[in-house]
Structure formats: C-alpha cells, structure tokens
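In the two complexes that follow, chain A is the common piece, with chain B as its partner first and chain C second.
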Partner chain A sequence: MTRRLTPGLILCVTIAWIVVGFLLAPMFISVPLSLTPERFLSMPQGELSLRHYASVFTEDAWLGALGDSAMVGIGATLIATFTGGAAAIGLWRIGGRAARIIGVLALMPMIVPPIVTALALSRAWVTLGLFDTVFGVILSHAILGMPFVFMTVSAALEGLDPRIAQAARSLGAGPFRTVRDVIVPNVKAGLLTGGLFAFVISWDEIIVTLFVSSRSVYTLPRKIWSDIRDNIDPAVAAVSTLMIGATVIVAAIYLLRDLARAKPKDVS
Partner chain B sequence: MPSPADKTARPTGFRVALRDARGHLDPHWWLVAPILILVVCLYLLPLGNVLLLSVSDPKPGLDNYERIATASGPLKVLLTTLRLCAITTVISIVLGFCVAFAMAHVRETHQRILVVAVLVPLWISVLIRAFSWLVLLRDQGPVNDWLMQSGAIDQPLALVRNELGVVIGMVHYLIPYAVLPIFAVMRGIDQRLLFASRSLGAGAVTTFLKVYLPLTLPGVFAATVIVFVFGLGFYVTPAILGGGRVVMLAESVSVAILQTVRWGFGAAQSVVLLVLTLVLIGIMAKTVGLKKGFG
Partner chain C sequence: MTDESAGQDIRLYGLSKYYGDFRALDDVNLHVAAGEFLTLLGPSGSGKSTLLMALAGFVEPTHGDIFVGGSSITALAPEKRDFGVVFQGYALFPHMTVAGNVGYPLKVRGLGKPEIAAKVRDALDLVQLGHLATRLPKQLSGGQQQRVALARALVFSPKMLLLDEPMGALDKKLRHDLQLELRQLHRRLGRTFVNVTHDQEEAMAMSDRIAIMRAGKIEQLGAPRALYDAPETRFVADFLGKSNFIEGKVTGIDAGIATLDTADGPVVHALGTRPAGIGDSLLLALRPQKLMLGPGPNSRKATVETAIFLGTHAEVSLRCASGLALALNLGIENAQALPAEGTTVELGWDPAATVAVRPD
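Showing the complex of A and B:
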C-alpha cells in the first residue's frame, strides 16, 4: 500500500481527527456536570461533589431502573442468543432457497424502523396480555437483538467447513449431538459477540420500550428519557458519566490488546 | 451459506428441501422453529396488523393516507423528515468519506486507533448522546458561554431546539455508519490499479477521479442508503434536540398513538416509513448486496 504523504491525504487525516474530536468530545461534557454540588444542572464553580453519584446508587427510582434494565437485558440476551444461534446453525445445515428466505426474514427487526416495530408490538402485546409485563419487554428486546446474533453466528459458520458436520454424522453422532458437540464449539465466538450485541441493544433500547410498558416495568433508558424531558436532574449526568466511562474503558482495553497483538506481526 | 459442494448434494427447491430422500422432515428444522415463532407469529403478524389498521381505523378506506399526502400538518412532517435526512446524509457521507480515506491510507497502528475512535460512539446510548448535545448547545451551555466570553457574540446563538440542533445530533449519530461501509470497500481496492493508472501517465488527480472514486462508489452508495434510512426512522434525537419544534415522521407517529390516540393515522404514517425503508434497502440489496452494505 502506498503511504506517501500527499497533500490530499494530509487534508483527509486532519479532517478525520477533527471528526473524531466531534464524535468523542461532546460525550465528556457530562463529567463536570455530574460533579456539581448544586441541585440543578450546572457547571461546578470550584467545589466538587459526588452527591449525584450517591443518589444514583441509593434512590429507589434509579436502583429500580437499573434492576429492571439488568433483568430485561439478561432475559432478552438469552432468548435472542438461543433463537438466533439455533436458527443460524439450522439454516446453515438445511441450505437452499427456503433457508435464504428465512434468513432475510430474520433480519427484518433490524431493518424496520424502531417506531414501526414499537407500534406493531404495542398492539400485539395488549392483545396477548403481555403489555407492561417484564416478559413482554424481554420478548420485544429479544426480537430486536436476535438479528445481530443471527448475523454474527452466520458469519462464523461461513468460515466452517460443512464436511465437519458430515464427518460427525458419519461417525455416528445424531443431528443434535453434532450441533451441540461439533458445531456450537466452533461458533462460540460468534455466539458471544452476538450475545453482547443483544445485551447492549436491550440496555439502550428506548423507543419500543416506551410503547410496550408504562409503569410496572421502568428501564434505565426510560428513566433517563423522562428525566431529560421534564427537568434535567444532574443524576442523569452521573449515569451518563458511568456508562460512557465503562464504554471508554472497554474500548481502551480492546485497543491496547489489539495493538499489542499486532506488534509481533508487524516485525515478522 | 452452503458451499457449492453442499448445494449439489441437496435439492435446492423449497418443497424438496423440507424433506430428505426418505420423506422425513429434516431434523434441523427444529432448530429453526423458535425463530419462526418469534419472527413470524410475534413480529410479522403484528406488522401486518399495522398495515390493516392503517386502512380500517377509524373507518375502512384510504382516508389516513389521503391525510398524509394532502393535510398541511402531516405533509410538513413528511417534507421536514425528507429534508433533514437529505441534509444529514450529504454531510455525513462527505465527512465519512474523508475519515474512511484517511483510515485506509495511514499506518496500521494509526488505522486501528481511528477505527476504535469511530466505533466507540456506536456503543454509547443515543439518549446520552442527545443529552450531551442538549446541555452543550443550550443558551446557557458551554458553547454559547465560550462564544460570549470570547466576544464573538453578545446574544446566545440558538443552537438547539431547532433544525440546526437536530442536524448536529443526527450527523453525530450517523457518521460511523457512513464511515464503515466506505472503509470496507476502500480497503478492498486493488492498489495495483492505481499504480497502473499512474504508470500509464495519469496524474494523481485524474487517477483519483477516474479510477479510485468509481471503485469506491458501491461503498458510498451503500453508506448513503443506510444513513438515509436510519435518518428516516430517527426518534430520540429530533425529540430531544428539536424540543417539540422539529417534528419528524417517527415522532409524529408517537404523538398520534400516545397523545392524540389516532391509531389509524399513526399506522398509516408507519406504513409510509416502512415502505420507504424497505424500498431503499431492497435497492441496496439488489445492487451492492445486503451484507456488504452493513459493513
């Protein structure tokens, strides 16, 4: 690859870093805001305080929202990973046109705008008696997360030799034993990545949640949403800081490991 | 995806594929059953119901669609949505192209840092991002404070609770989705084509415009469709940064359902949104392929 520095490339790299600044910088505004000693949202003048962090971890409204989000997230991840993973493996073994058609249908919840999904599920959940129940929210988040598991597992299967399954079968393993003991261990990475996607999608989901729940299930994004729309409590800034902090730490670890792994390869 | 060898081994037709040579149902269909229940019964049927609702509530007929196309309020919502999507798409694609170009042509370490920097915002809640922009751009926010202290302005600029705020928030959300498909295509471009062009006497600018740029077009096209489609369905960002003054299609649906309780009208607007989305994604799937498009 050419790595000559042309004026065009210098310009593009400069723009790229300005864009990266634009992407990352705004999110750090919540750090100083969360440390204000005042009751209202403001930049701290001199004195700093952790009172808003304390309220996130002591107030019932925030703790309840955290609990609901964790429960919904775990439930949705399990269902999405199981259905999406099983379907990807099953369709990979079956093949043919039917499998391709179902494969496209499985991606629908990812393609359809969330507000349309929200409207559809809201109606259906009322009919089925699932409206404003934990299971109803779990199910709707599972539907949204499933396509991502389906995609990551399908991608992992693409690199797998189909003969490995045939070999297991011809050695006497039944179809389900083949899936459990031969195929699943080979697509573990895809399942884990897909599950992580499903959890993050559930953890951040707001639009569908607004339409399938009202009072008894109140997830974290719902709490943040109503706080932003009414009057902004600095506790929102504290929650933002915690969530952004977690993301940045994970990204930094990933980047450092990635760079450390890449180094030996550069030398050789 | 089945390999070619696999394909010849089994019949590809729909009816034959369901059963094996002895007429037994392929046991792998049991693995597919859960997703069929989830997607068909709990997802596609409710979606069909929305379609039905849009032509039956409050009374049978196409009144709801007529309202979208003729009444001034709904028409304004539709035009605002399309206009804001077009503006944000152009900005996101131009900036995204520059970032992808830089990524594709810097050293490996530099490239990895840029990729992670572009991916990090994707993992941060859209609510938190909208919240950050709201506090940054409001009248008493740091941006206006700084501009006033530096003496550039005496009055706070209206940066948020208007279309400008919505565009800033949307571009911020959409840039990573513009970068990734373009970067994926740029990385696959055979550098020898560029050498060939240069050695045959074309200048750097000609090579870029006549060889490189056309090769990136599938990525640019896929990115344009994805960014535009995402923009169409935006709800959180316009609702928070538009402050109720900039109403886009998704928020209008939500108002119709949650506030004015006109299910039929909300459903009809959803159907318009859905059809626009599926047509655009369909075009992309036919031309550059679904997988490539999503990076």
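Showing the complex of A and C:
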C-alpha cells in the first residue's frame, strides 16, 4: 500500500496495461459487432439490436452446432478425465523410471502440433470407421484433453503420501476401492481442473475437428469458421460474445473459489 | 474365524528379496510366537522395513514362504491378510475425520453404522482420543496422529499388528510415554506385535524379543537382556549399547578362565558358555559401565582424554599405551570424583565383564 511511485514503476505498469489491452481488445470487438441491427457484419450506428442473439437460439443450424459441441465436449471431458486421471494415479503408484517415461508419452498429444494429430487421426478414423461420427470426434477431443487432466492430477498427487494407499489396502480395501475411497477424494481438485481444461479445449477445437468430420458432426467452432468464410452473418459475433461471456463467468467462479480458499491461510 | 483374544504365530522360511544384485532380505528364517512383541532393530538399509512390508504384503518376496497361524500367506493380497499396520508418518487419510479414519476398516468390512460408531468409540477410548473424533488429521499433533493410526490399525481386531517406525517423527519425551503405552496395550490385547525401529532404546523398552538385522539377515535374536549381556557379534555388541573391544590371543585356560595376550599386556577373561582353545584369537566386548577406576583383576594404565558429566552418569574417554581407546561410564555415585583430563589413571575390570564376540 505504501509503495512509492518511482518513474520506473510507472513506466512498468503502463507497459503492462498496454500489453493487456493489446492481448484482450481484439477479443471484445465482437461485443459491439454482435449488437448491430443490420443483416451484415458491421459496427452498430446508434441503434442496437439483439436479433442476432435471437437467431442463435432459434435457428436450427446454430442450435444443432451448440448441441453437437455440448455433446462432444461432455463426452470428451468424461473420457479424458477418466483416462488421464487413471494414468496419473497408476503411474504415481508404479513410480520410478518407467513411470517417468510413460508420463512423458502421456503428454505427447499436447506437444505434437495439432495438424499432425489431425492428419494421423483422420487416416486412423477412416480405417476404423469412426470418420465423421460423433464418437470419433469425442475420441479425438478426449485425446487432446487427456494430457491436461494427467498433468493436473499428477500435480495433485505430488503432495500425497503414497503410504495412504498401502494403509487402505492393509485395512481391507481392494485396489479399486482404495482408488475410489482414498485417492480420488484427495485429487478431486486436480480432476475438476483437468476436466475443465479438457472441456474448454474440446469446446473451441477446430483443426482436428475439420479433419475428422465432414457433414454429420458440426461443432460450434466449425460452424463459425464456415459461416465466416461463406457469409458475414453477425450471428457469428453473437456466438463469440456468448462464448467470451461463458469463459469470463467460469474464470470468475474459479478465481473467487481460489480467493475464498486462500483467505484463511492469510489470517493465520 | 479365529479366537479374537489370541494372537497368531508367524513363521518365515528362507525369505529373500532381491532388487537386482542387491539383497534387501537374504534367507531370513524366523519364528514369532503368538502374542509376542518382536522388534526388528537395525540401521537403515538393513532390511527391517522390507521384512515388515513383506509381512504386510506390499513387498513380494523373491524366495521363501510366510506362514501365519499355520497357513501360508505368501501369495495373499495385503487386504486379505487382516493385519493392522501402523505406517511411518502414520498415513492417515487427510480427507476423513478421525472417526472416519478409524471407522474405515469397518466400513470396508460392511458393518452397520451403529456398530461402526460403537467400535470407533471403543478404539478411540483405548488411545484416549474420544474427544477428537470430529477433527481432521491435520488438526492433530504428531502424537495424536500416531494414536489415531494405532486405533485405526486395531479397531478391526486384526490377527497381528505391524508397526513401521511408529515413533519416528516424535520428540524424545513423547516417544518414551508412547512406548510405555504401546507396551501396556500389547499386554492387554495379547496380540502378536511386530515393530520396526532403528532406536535401540525403543526396542529394549517394548519388546519381548529383538531381532537385530544387518545386510538383509538376522544377526542375532533374543530377549533384550540376553542380547545386551551376551552379544554374539561385534556388530550386535556395538549396535545395542556401546562396547569397548579388546583383541587378544589365548595363552592359557584354567577352570574356565582364559588368559589372553593383548597389545597392552595380559587379560583374564571368563569364558562362560563360549569355549575357546589355547592359541585362539578372541575379540572381547566390554561395556563402558563395567570398566572401573582403580585396580582390579584386570588392570591397565590409561590417559584421560575427556571426562564429561552427564547428570545420570559421567563418560570418560581413555587411551591405553598401545593406542587402544576405551570408553568408561561412571555411575552417579562416583561421578563426583571425575579424573582430570590429561592425567594417567589406573582402571580395571572383572574377568566376567568381557564377552567374546565374533569379529565382522
């Protein structure tokens, strides 16, 4: 509170805010664009309208895209959370060098450029008969989201005494019951954070989606992308605004929860 | 089901555990009697924890068999063994309350809620923690956590209790209290207890018998007193209490008393139950408190290097003419007349004070 304002500090803070503005401002351009009363993408001139929001929630194409995205996102999140969490817990239990090597492999989908994954999956899905199926897209997104769950759960396990798993076994719980009763409750935060990551990744995934689907699966980012190319319907801006709003709300909830949790520590 | 009040015996046959070329356990044979309190004592890396974890089922032996109450449990999963285990660091479940932790083994066994509550209350009363049932482990002190771990390991009336360095993280005073408590608990419950520690005082205070471990083998097994008074090897004589060591060659034997030629002159040594012949080289272990100031049947002149008063006793380090270092403890009644550092004193010991031990 009593920090002195030196010229250096002022310069530093100014630059920081310019950078923040530079990063965030383009994102918010969609807000005014979405409120235009015109039928083409334009800045509203005086009059504001919500008609494009209405069309997002009434037109079948948008609703279908929203539905597809939600279905794919939820499915991918469930699979990624299960597999990523199971991998992290399993490797934590095994430990040692083998676990570390497999741990790096588990992060590969995050490291490999998406275009490479996209190409590989599109070939593989054609062979397996999963091309342009909902399940194929779900599986693709789950692969992309899994490393994030793996990372967050691994981090949560870091502080856990491996002996609590042995303790549960010695008290009569089998291996699966041990995971359910003792390990999962202690890595819940990691699973939730990882799951959220996985969902967000699936929600705005476009590259891999373009390669593994054609007509029957049409997620929101795909619809936006093709709409922008074909016509300049302001509904795209409305959808973007809605997505920004959703992101801000989720981030705010997260931040508030973190602050609430950090508070008692500050007091003591 | 077995009789709840009685412990069960454990037999280990040729138990080995190899990690590559490293032998954590090397052909261990051991019989723990039903209801016995046995402590595995040894320095770190001696295999004592590996042995305990093999009993608990977390280390799969490379060779050998474990029998409990007459049946082999070598291939049994840990959860099927029905042993209570108190882990190093206690391993309490951080997300469960004290009552939740203690009730967990009962919940796993499918007991009803009222029955669990009653047993948890009894177990917590046993360790005097009834008033803390709703706390989380992190809200407890180390000693309290240790008691919760104990209650959790005993609440399901296991066949035996395995303790892995149960006092490791506690301070000395608390450790002493808990040792007495654990000993009483053992007498009261009559179950088989197997304890692992590197603290010889803890081992002596609680155990019926101690197995001293070294390099994956049991070096010597016996009652604390027997081990202390009659160590078989140099390692045991030095690990369980301190010892002076004197080397010599037997030059004569008369009525169970051997005369040895040592670097500082002749020594007489009562052979006791360990026979020796003329010409044998012997290594004698001599406890510091059996060494006395003033002449005795064995006599030596030595220079006082340090003399420290410690309250209950005094410790004097001496050096003989040959360069042999000797440690001498003076009881409280003699500690007032401490010899001055740098002076030469005469000291002596009884022929029965020395024990012949195997060199390493």
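Of note:
Heads up, the rule we're going with is that the second predicted complex is superposed on the first by the 240 of 268 C-alpha atoms of A that agree within 3 Å, B and C clash if a C-alpha of one lies under 4 Å from a C-alpha of the other, contacts with A are read in each partner's own complex, and residues count from 1 in each chain.
Operating definition for what follows: a residue touches a chain if its C-beta (ideal position, glycine included) is under 8 Å from a C-beta of that chain, and two chains touch if they have at least 3 such contacts.
What you see is a predicted model; the values in this text were computed from it and never measured.
By the touch criterion defined above, A:Ala70 reaches neither chain B nor chain C. In the overlay built on the shared chain, the residue A:Ala173 is in contact with chain C alone; chain B does not reach it.
Between chain B and chain C, B touches the greater number of residues of chain A. Once chain A of one complex is fitted onto chain A of the other, the partner contacts of A:Pro185 are limited to chain C, with no touch recorded for chain B.
Judged by the touch definition given at the top, the superposed model places A:Ile164 against chain C, while chain B stays out of reach. Contact with neither chain B nor chain C is seen for A:Ala61 once the two complexes are overlaid on the shared chain. According to the touch criterion, the shared surface of chain A, contacted by chain B in one complex and chain C in the other, consists of residues 161.
Note for the complex: chain B touches chain A at residues 1-3, 5-7, 10-14, 17-18, 26-32, 34-36, 38-40, 42-47, 49-50, 53, 95, 98-99, 101-103, 105-109, 112-114, 116-121, 123-136, 142, 172, 175-176, 191, 194, 204, 208, 229, 232-233, 235-236, 239-240, 249-250, 253-254, 257-258, 263, 266-267, 270, 273-274, 277-278, 281, 290, 294. Against chain C, in their complex, chain A makes its touches with residues 160-161, 163-164, 166-174, 177, 181-182, 185-186.
Chain C contributes residues 56-58, 77-79, 81-85, 87-89, 91-95, 104-105, 108-109, 152-153, 156 to its touches with chain A in the complex. Residue ranges on chain A touching chain B, taken from their complex, read 1-3, 6, 8-9, 11-13, 15-16, 19-20, 22-24, 26-27, 29-30, 33, 41, 43, 79, 82-84, 86-87, 89-99, 101-102, 104-109, 111-124, 139, 142-143, 146, 150-151, 154, 157-158, 161-162, 175-176, 179, 200, 203-204, 206-207, 210-211, 221, 224-225, 228-229, 232, 236-237, 239-240, 243-244, 247-248, 250-251, 254-255, 258-259, 262, 266.
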